[in-house]
């Protein structure tokens, strides 16, 4: 079987590099075009890119081209790892040109015709693409905090219904891209996230879960490299016990089988000092979610921590999973 | 005016060192006895102590003695910086021997006859000591998270009443004492606090505020040196606006004037990325509380961050403040 | 082919855990006995051990026993991950009882009858074990800084001869074991290594290389998790050029082929900001050495950086490599 | 006595902020003009500046102006905290316009007519300004590593003569300015300094000390906030003993008395694990140098560590000291 050609938009950035890494030796896909800004266009990929991930650096024998549909000729899909500022225009152009656009950017996440998908949670939202004008389409994945949180809430919402959630995060610096945060701000320091992360987190889980509960978040950057730790204090309909909640989390199974989706997807760790980003971030090849300290909450009923690798499960791997879903559902 | 002699119990540990530092050149008090474990007894203070605070190391020309009342002869009060495990027995012994015991330990914080005091919040609780058997007495200060949190909640509770609070913390490593946390656990890592910090935080603010609201906390250790950042998502009676809350925080004034209490006590910082522990921890000589990001919370009504130096305002300085209160109220 | 049974002494500590991890699914060996202190003896391994490494935690269905030869019955070799304080007595006991003892401890490294081996550098030193009284024997590996340094110096010493070396280190916290360094000392801090690390580093390379050059080291602990970065400013006989030195490093080949020894063993990275511990520590499964910035030194002639994973290549993996060497050389 | 008006070039950057902080309440000087890039010009200082230093933020009731001589009218001197790229042209313009230019930039440090001054070491080099074309002049201070190193070497060079030195550094992130290093690169990581820091360090001490010895440096960035730790392995003429060297360091006295120069200037700390940046950086208000671990070096004769605050003693405070020197020597 020959592999499906994929173009990567924003291929030289930190999420773009993770996409390249994850598609290296992928059973179904191969990177056939690496697209980026004018500044990088025309250079060999490894010359245009300062590789910032752990070695080995996968070999990419491609010349960087500009982010225009013609540059992706011969590809069946594009993964967009563009920053939101440039994603809006580029992604529409590719969709209009007939491409399946799998976006990690925030530009269209809350657009009502664009599905916001975690493949193991709401794969059927994929059908929303039929509402889009075509001939191509755009699908998106949630932001890096919303992904582990929604994966942890999904089995609870299905079984009991989430009524409200108070959220806090301990977010890694890789979530800001490269160069991202200043080291001066992050050495022995943490700081409240000054962007609109809290606002994004307050609405994305509901779109994925077809729900409408209030969610209020406090997002704080901490000096870890990878792995967003998220605390959820949650009110569930019917006030299930801690044991029932743990059982529901352990029983969770993905409705779709994908190469990038690990088993188990949700790892409930019963040790009192877990999850810990530096250690647990590798679970499931960076695609697993570690859940810990499921306990009674005097205010909301249930509290728990969840944690996942923010540039794999929370960004590049999320897009790769959605790309795999497209193939499984016959949309490529 | 001659200074009042004070003995420091647990004088060689990290909180003990901060007490020594804060009482150096204090206008009212002087350290006249440094008491510690058998292992240190008999050695000059500086030989028994590995000074772990920033220089200069104040000169202490005293021989370490054992934690027994006879060793504090000539002192009018003792500050206990003992670990909770040894504090219980020692503090009772000193109180029975007639000493005013100002404790930072957790042993008696929830004892109904022992006042749990932040001098700027509930100085009148000092009268509870009359319920104690005597001839001496014990007073305590809250734990290092409860102090900034209660200081931030106090003006809101007085004005409107706190009905419930969801709390998260980003706690510095100095809170674990010395050697405390393993560096291996804290390099580029955070972890859920495995001790009973969340349980302590769930009940101490209510005792101080004469209140009875539910509070549920998630306490996480992060790789900062000093300064506990605390997030509060709070339900207040009557649902005041963000502006009203900010105004109440700014209007807060301490009912007692003490050498260690800064003006302003609560510093409301309107920058979106504050408070930051490494920068803001120095406010008011480590005795101030920085509050930031007071905003509407979709779940609880109001959310805000507060932050204070955990071994000064949150421990050693808290005890020194209570010692000052004793003098101001004529209890020494 | 059935696997060779191995006992691990000090199996519950940080290096012991790495040995367990590295021997999991090893083609030649299997862990048949886990030995540790009295305190752990009698407990199932996973109960006695707080696993501090990244998951997955390999399953070890063994009961911890005491560090005595009888407890290793049925094993052909023991790997000692004991601290030096307890290693001396235990390792002699096992050697007297007939075991092949592969030690990571410092106790016998400079003993003239005990070979100090990096298998890719001086495998023939193994013959020194014939000088030992028997019936068993002890072999050792160098300390965690000496290993990458000696691997980098070996091809240069063979070709030209090292005349003198000024060394500095940027050492990770895992080198101190667990709990090891206090987080208070390592958050946004570095400090001169207060132990005898500099003295060890000043003599171990010479024993391995059969050389006698003066070496002076400054060893500094820094807040990294894994990976010791070492700077060498070296005087070589004949003053070779930078190009010649790079060529000699690239041409280096191990005289023995071992499962744990990667190809290439020495990775010369030409980027100006490498090696970097957090990124490069994974090369060769943690068994590779990354070398960078080979440049002219105005004082000594040549300068370069080398870096390796300190608890894999520099400790547990070093012992496993020596164990593999024993088998390859027919000494098991 | 009325204060001397000073203009600060590059007033909004990290070093510029430190200059503002150090000149706040200075006994001799006051900031009368804050100059920066076009982008900031016209804005009130606090609006143009994101204050990145610990509070309190000194009040500066000035409008930022452009870096042109006319904007400094009424000032007798300018301190240049400009990046080297823009410093060259601007500093010449101010000198030509008659200003005393005290520069922290690297542009003219090695210019033979421009003195490179540490006021406590080579104040007499100030006379070189008479060689400059006038009517104003430029004086400079060394880079942030060269300052503590040269201060430590000065008494040794005067007494015995330095013949050669091998240097390593553990440099804080503030040395890169703001935003400077990416947090991604510095979390649990260190990396060889990719710029020309090693080259600068190889020649500046000699210019200050009127010497000509070879010096070879390895400069490494580490995740500390402030404080560059420097290791020196030094060959001194006559091979003095460790005791003699310590005595010479302790006996060092500055030939000039300046408000910013602390006593003692060189603090020799005999503890084996010092200096430590996070603790010792505050000595002498950030203007002191802590020296530790003076020991015999098997290769060079003597080795020691020195450490100073890199943006105070190593940059902003260095310029303020030079400004004070100008006044003391009647050059303002």
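The chains carry the letters A, B, C and D, assigned in the order they are written, with residues numbered from 1 in each.
Note that contacts are C-beta pairs under 8 Å (C-beta built on N, C-alpha and C of every residue); 3 or more make two chains touch, one makes a residue touch a chain.
What you see is a predicted model; the values in this text were computed from it and never measured.
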item	value
Self-contact between copies chain A and chain C, residue sets same or different by half	same
Contact-richer chain pair (by C-beta pairs counted) among A-B and B-D	A-B
Interchain centroid distance [CA atoms averaged], chain A/chain D, Å	45
Centre distance in Å when chain B and chain D are each reduced to the mean of their C-alpha atoms	39
Sites on chain A at which at least two other chains make contact	52, 185, 187-189, 223-225, 278-279
Chain A to chain B touching residues, read off their complex	164-166, 168, 170, 185, 187-194, 202, 214-216, 218, 220, 222-225, 229, 231, 233, 272-279, 292-293, 297-300, 303, 305
Contact set on chain A toward chain D in their complex	14, 52, 173-174, 176, 178-189, 223-225, 278
Of all residues in chain D, those that touch chain B in their complex	52-55, 187-188, 225, 278-280, 282-283
